[in-house]
Amino acid sequence: MSPEAVIVGGNRIPFTKAGGRYAQASNHDMLTAALDGLVARYGLAGERVGEVAGGAVLKHSRDFNLTREAVLSSALSPLTPACDVQQACGTSLETTVYIANKIRLGQIPSGIASGVDSASDAPIAVSEPLRRILLKANAAKTVQQRIAAFSKIRPQHLAPAAPSVKEPRTGLSMGQHQARTTESWGITREAQDELAATSHANLAAAWDGGFFDDLVTPYLGVTKDTILRPDTSVEKLGALKPAFGGPEGTMTAGNSTALSDGAAAVLLASREWAEEHHLPMLAKVVDAEVAAVDHPSGADLLLAPVAATGRILERNGLTVGDFDLVEIHEAFASTVLATLAAWESEEYCTGLGLSGAIGTLDRSKLNVNGSSLAVGHPFAATGARIVASLAKMLHQRGPGSRGLISVCAAGGLGVVAILEAV
Amino acid sequence: MSALEKVFYSPVGQGVAKKAGLSEPPTLRRGRTWPQGAIVLAPLEGATLGKLTLKALGRAFEAPVVDTDTDQAPGYGSRIGALMVDATALTTLGQLEQVRAVLRPAMKGLERSGRIVILAAAPAGGWEQRALARALDGIDRTVGKELRGGATTNLVYVEPGVRPGDLASTLEFLLQGRSAFVDGQTWTVSASGTKATVSDKPLAGKTAVVTGAARGIGAAIARTLARDGAHLIVVDIPPAGEALAAVANEVGGTALHLDITAADAGHTLAAHIAERGHELYAVVHNAGITRDKMLANTDAARWASVLDVNLQAQMRINDVLLNPKTKGGLAKGGRLVGIASTSGLAGNKGQTNYAASKAGVAGLVQAMAPDLADRGITVNAVAPGFIETDMTARIPFVQREIFRRTNSLSQGGSPVDVAETIGYLLDPASAGVTGQVIRVCGQNLVGA
Amino acid sequence: MAAVATRAERDVEVLAGTPNLMPAFARSVLPRPHSGPPTIPTREAVIRNYSQDPARLAAYNRLTGFTLRDAVPPTWLHVLTFPLHIHLLSDKESSIKLLGAVHVSNSMTLHRPVSVSERLNLGVHLDALRPHRKGALVDLIGTIRVADEVVWEGISTYLAQGVTVPVEAQPTDREPFEPATPQALWSLPLDLGRQYRAVSGDPNPIHTSRLAARAFGFPRPIIHGMWTYARALASFDGRLPGAYATRVAFTKPILLPTTVGLITHRTDAGYRAVVTDRRGSAPHLAMSVDTPQLDQ
């Protein structure tokens, strides 16, 4: 029997809105903080861990070895190897799978899966025309040439190019894509606002109950997720203007994730390593699956996890009812609702090559301690946040409890994984 | 020599200490350092305990210079490091003359941060013997106030049956720099039959919990116990997590985010210890808060929060950890240390709630010690005086300056001074020290 | 590592905020006809309740190689006191002027981790004016308190050439240097001085202008010693304890642009690093970190 990969625990820094309290922190800084908190929680100072896998979606070229550099700045042994992985918003669920697979193959006894993103410190902040002017000015040999180059700058060039993630093949932002999905699946404004309100309420309750005491370490004086609005309600959310889909659109800033900053990490190990080090074992990584949709041909960009979910359930002989908890990343409230509708659609599922509809989820099992709408969504950090939280929740429910994670990602990608409490 | 020239001759790098017009307080010898000069032993009336204890510590010693009641006290040729007066065999007040005769030459013969240690039989026996024991305490307190240059004096009462092994860790602590800010104090060592011997890593292989460890005195305690070999579980409230993580990673321990006032805090702590496979050797209840106001302005919330954090929370946690059925509970031969305060012992304006909680800690350890003696668990408290931390920094300036200056060492203490005293109490060789409240205050004027 | 210091009974000048550096700097440059023995101001210049700028700290950390954490580097705390250096050296009582004075050594003690969110009381005074074979040495002594707790102390020793102090010079010890192959090479661009000026506020043109550098006998601008020191200290980032002492001796200025080498060692007390020329044959500065855990 191949070794099991168990989740020992996790750590993240509180997530903040882009341009907030971490506005000056780089991916390197935040990832180091997340690792240091994990090291402190599990007493790993000076330890050589098998490997650390991490990544970021918005990455400066200087950060080509982001994770390894963070390891060197952390309290881990400098002999700890590392690699960068990137799979859009699926990044740190993918790093979890990567580390778990290496552990299951016996290649490493322990490893850390992580992810980080800073929408505040996004690499490209100048418009394309301005970039060209700057290049020209840089190459100028005389002051006159330089002045001439700068004289071409127009006010519109200086407009801040917010880090919007546009699909290269469609030219549509993620919100625009999702607006089409929202409309075609008939997801109502009310349902979206209700899901967003529930996310905030669940997260607020989790914080109040101390759920995050051993999952979060403060950073730069931030002690709690700052996007969380414990006092929000369906009524308050209902007052917001549409942000996507035109004036008739149903997607607002309240039921879409905010651009966020943050980092998260998960410690995984073989059972033997965890036992030797007297560390907890919360859950094992049972299986994982990645799928993609043909969004350039018109498929729903963010519904790729549906195919992945169907395939992983069939492979493991499981149904939706076999899961005690389900975590569906809330890129947008409507993504979650469209995903659940797609699960129930015989037509959509068989169209994916599945034998039938995935099934109906008991909503009381969904994102019970809140998800990205309330926590925030630093792209590459979200997977590791969910893995650590879900592993803890499953462990609290007792051995054998089963959980499903579904994360949609740019590029029409979907990553899903099954965890089971040990 | 002109004032300007004096400045010129100051050695490079001493600039910080150079303050015009004010006598500089002495820099105290700290850490696991022994006196530089000779250790002088004065065994009175044939006492042998001091001699045997020094031998057990492997320290050489010399005979004392004895004053013969002349106008000019005879001096030591070169400055001595320490004088140990073994008065355990004295029984009459008339014999106090022998104490005077050995102390007088030492008063001006001690090196900087030198030491006087007086050993005496614990108060017992007849009226005169009890009076004698108390008289020695008065001598100790007064000598502390007369000594200069960072030198300290302390009195150890020795219970019947105490052997050198029971006393070794106490004497080592008092002679070493670790006791830098402990001055003019008296505490008692009992017979414990311990087989532990002193070492530079007395806590090797032992697990200790320190609460309130993210900063200040708690962080210093964690570092000092780690230096002495302990494995640390450092505890603080979740919002202090970043600083706590830095401390945990520095000492190679683990960080536990825990609000000690939570109803299930003791169980959470025990579960953490059990899960991590540790045998719990010691708990240092360091976490504490102040909510200072004159009593006339103190409401119920201010009152309750201080008492809960500083006193009631540790009682609840102790209840869980001392239950022999608790997995991850305190082991046999373990150590509990509470933090009292000179404010609690002497009272302090604006701190009724704090004084109540801290005096309560002193009362608690004295009550618990005899009850836990059969399990070899010692329970003690350390009562810091003015220690320079971000917590004391909130004291108004004038009061703070008075605190600083009104002790025998003319300065505030350092968090490490409190930490070293706790390290001494945690030493397995300190098994005979229990139910004690040791002040780390530089012999502050206030307090009993 | 005891955080114990007493309040000096010296005059204190409380500044309302960070002084405007350019005029003060200009004053600190101007030579003034002077007769009689050299003098230094005796008062302590103080800025109270100083609030740190996290954005500037982030930029400072990025330029010097520190990871941004809640706890700030001790060299950053030095930077915060630096305006007070200029303020005092621009005083008419000061025979020592900043321009032309050479920062020869620095030592700092971080008594405990200092948070970027903490309000600081910054104080600097001059002391220990003493002779040197090339002129006179003086210490600028910085103390940073949180409320009244001393959290950081620093001594910057400057050499003022041409200032004569009427007593005999003491020979200064210099640590021996063994040439070795550098473990790291840093390529320092010409505008590094400009970049460091932006985060440190040090307006001395000797670091940014070829002309000014020439006026003081350097063919090219020289990088701030405190940048190099910080960069060397940052090479131990992640391994530094919460409290420690560190010192540096500046041996030879680094002309920009250039490539320099770094040699580091573990010592009994902590760490030692030497910034050398690219071949590791001659030192520019030598620094050490003494960690309290290791020397007890």
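Per-chain residue numbering starts at 1, and chain names A, B and C are given in the order in which the chains are listed.
We take it that a residue touches a chain if its C-beta (ideal position, glycine included) is under 8 Å from a C-beta of that chain, and two chains touch if they have at least 3 such contacts.
Quick caveat, the model's predicted, so the values are computed rather than measured.
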Find the two chains joined by the most C-beta pairs in contact, please. B-C
Most widely separated chain from subunit A, with each centre as the mean of CA atoms: B
Report the inter-centroid distance (CA atoms only) between subunit A and subunit C in whole Å. 43
Where the CA atoms of subunit B average out and where those of subunit C average out, how many Å apart are those spots? 38
Using mean C-alpha positions as chain centres, tell me how far subunit A is from subunit B in Å, no decimals. 51
Mind pulling the residue numbers of subunit C that touch at least two other chains? 69-70, 115
What residues in subunit B touch two or more of the other chains? 242, 246, 250
Give me the residue numbers in subunit A that touch at least two other chains, ranges are fine. 33, 75, 218-221
Seen from subunit A, its contact residues with subunit C in the complex are 23-26, 28-29, 32-33, 72-75, 218-221
Give every residue of subunit C touching subunit B within the complex, in rising order. 1-10, 37, 42, 69-71, 107, 112-113, 115, 127-131, 137, 139, 141, 143, 145-150, 153, 155, 157, 165, 167, 170, 172, 241-242, 292-293, 296
Under the stated contact criterion, what part of subunit C meets subunit A in this complex? 54-55, 57-59, 61-62, 67-70, 115-117, 237-238
In their complex, what parts of subunit B are in touch with subunit C? 4-5, 7-10, 12-16, 18-22, 24-25, 28, 30-32, 215-216, 219, 223, 226-227, 242-243, 246-247, 250, 388-390, 392-394, 397, 400-401, 404, 411-417
For subunit A, which residues count as touching subunit B in their complex? 33, 36-37, 39-43, 45-46, 75, 210, 212-214, 216-221, 223, 278-280
